[in-house]
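Heads up, there are several structures right after this.
Look for chain A in each of the two complexes below; its partner is chain B in the first and chain C in the second.
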Partner chain A sequence: MRESTLQIVNYVMIAVLFFTVLLHLALHGFFGFVDYEGSLVYSDVVTRYRQTIPAVMLTVLLISAAFHGLYGLRNILLEFRSGPVWDRTVSYGVLVAGIALVGWGMRTIVLTAMGG
Partner chain B sequence: MAATVEAPGVTQVAAKPPGVVLLRVYRHNPAIPGDEAKIVTIRVPRLFGMTVLDALIWAKENVDPSLAFRCSCRMGICGSCGMQINGIPKLACETQLKELEGDRIEVAPLQNHPVVRDLATDFTGFFGKHRSVRPHVVRAGAEPARIERELLQTEEQKLAYYQFTMCIMCGLCNSACPIATMDAQFLGPQAIAQAYRFTADSRDQGRAARLPVLDGHHGAWRCEIAGSCSAVCPKGVDPALGIQLMKRTLLRRR
Partner chain C sequence: MADAIVSVEPARKRRKSPVGDQVRWAFWRPMNVEKLALLVQRISGLALLVYLFFHVFVTGFVASGGAAWTGIMEALSNPLTHLGEFLVFVGVIFHGVNGIRILLLELSPLVGTPARPDYPYKAQSLGRGQKSILYISAVMTALAAVSAFFLLFW
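This part shows the complex of A and B:
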């Protein structure tokens, strides 16, 4: 994939991340809860996971944060060393890490939403 | 005048007479097995209008003929005498002694370029990266046997790339680039800015061949806009701007 394509996706993810983090913090801090600690009560957290909009928002937050973070990590690692083998290892390693991270996060969201 | 050899970072300088500059020169010959890099201090008389290059030439003629450095035009046009002067990449021929603070001047080879000997560095990789971006006007089809007509440009079309034509390929920008220090394969500010110079040229039709190199792992997107390339350019070129314009070109080609 072209670097410019990855960069465009990264720009989109940054914008998405900005708004989802704001929304996430706003939901915890301002709407429906007395305070931040109160928003972290187990039963409330499980209830949010079972509602469609918060669950979708968490999914979007997970994907955008994972992409943005791992894309940055890839850039740092690409600067550490040079060579086609290193480039491929880093790119595919980061891709696998991203799939694992999103998969793990999605598992939590889906299982909780299904009552697990 | 005698030269005193000292270990890097160790001061062994006696009281200096007025009108003398202490030239601390990096000496190293990688071709000699076991030769270790060292700093040699050479006392050079401070003459009116003397540049760092003049001081080096004086040292070579009067103290140590084996001192190696590269120079040619002595007037900031050829770009041969780039070196680290007091830690900053500069052209030795354009750096007056009087503009440097103190009487002690540190002279070292350009960073991010392999040392050939002393202050002379190897530009093979630098020129290779330059060539990889096809730094010339590319026309579609076969080269015509003779020029049928001039390729005219408006003033606006010329100004789109004009400042980047001032590059003298001295390598100072690459030497100052922190990304080039970390990533030896990074194309570097010089090559990317020159790629933009030709990509932005209305006469050029070689964009499709040029852009894949710039859109690769070690192309324009590795730049983190430190801006040190633009800060050290002796010709007032802004390679950092060229890189950002190149990024915009890469995004718009989709």
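This part shows the complex of A and C:
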């Protein structure tokens, strides 16, 4: 994928991340709307995973956070050194890390939504 | 002629440390608050990425049932974890608001218009508009720190 395309995708992910992170923090009591300890009770957590909108929000948050974070890490690493081998190693490294992260997160979301 | 040379000392090689270079650059003259903000932006971004992996791993326990979830929550219910959550919340707020400033510098007229480079060479992109957002991000980070302190430690 072209670097300019990746940067545009990153801008979209940032916009998505901005709203989903705020919602996520709000759902866990960081803005005082709900009880922090209460939001971590098992029944409440499972309920969130089994409702469509929160589950979709968690999925979107997971994908956008993984992309933005790993894309940023890739940019930092590519600034340190240059060369085709380093470029390929870093790019494939963050791709594998991203697949592992999103894969594990999706496994949690799907298994919990389907009943654990 | 070569005999006159007593010793040839090789040029001292500077040890390359990418992290050290970044920190040195941030504190190198001319110092400005934007360079420090970029350093903090990168450090907070990397810390949040490490936290993201940890967070996704821990939340995976919810799929293993109530006992596993309660067990991991009890194991993580200690002051050290609360300190970590505090730093994550503060880091998210700074990274987010300062990130908006960087986005506006990249995508909006906030970057400034080109001007003739007269002494003392003020960069057009380091104007008051973006600096005010940087100060807002610092104030919001401080407010987030106070809010998180009361939420997690009070």
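By our rule, the second predicted complex is superposed on the first by the 111 of 116 C-alpha atoms of A that agree within 3 Å, B and C clash if a C-alpha of one lies under 4 Å from a C-alpha of the other, contacts with A are read in each partner's own complex, and residues count from 1 in each chain.
Everything below uses one rule, namely that a residue touches a chain if its C-beta (ideal position, glycine included) is under 8 Å from a C-beta of that chain, and two chains touch if they have at least 3 such contacts.
None of these values were measured; they are calculated from a predicted model.
Colleague: Quick one: classify A:Glu3 as touching chain B (first), chain C (second), both or neither.
Modeller: first
Colleague: Kindly classify A:Thr59 by the partners it touches after superposition: chain B alone (first), chain C alone (second), both, or neither?
Modeller: neither
Colleague: Contact-wise, after the overlay, does A:Phe80 reach chain B, chain C, both or neither (first, second, both, neither)?
Modeller: Both partners, chain B and chain C.
Colleague: Looking only at chain A, is it chain B or chain C that touches more of its residues?
Modeller: Of chain B and chain C, more residues of chain A lie in contact with C.
Colleague: Following superposition on chain A, which residues of chain A contact chain B and also contact chain C?
Modeller: Touching chain B in the first complex and chain C in the second, residues 80 of chain A appear in both lists.
Colleague: Within their complex, state which residues of chain A touch chain C.
Modeller: 11, 14, 18, 21, 25, 29-32, 36, 40, 42-43, 45-46, 49, 62, 65-66, 69-70, 72-73, 76, 80-81, 101, 104-105, 107-108, 111-112, 116
Colleague: If you look only at chain B, which of its residues touch chain A in the complex?
Modeller: Residues in contact with chain A: 179, 182-186, 215-222, 247, 250-251, 253-254.
Colleague: Residue numbers of chain A touching chain B in their complex, please.
Modeller: 2-8, 75, 78-80, 82-83, 87, 91
Colleague: Could you pull out which chain C residues touch chain A in their complex?
Modeller: Residues of chain C touching chain A: 18, 42, 45-46, 48-49, 52-53, 56-57, 59-60, 62-66, 69-70, 73, 89, 92, 96, 99-100, 103, 107, 147-148, 151-152.
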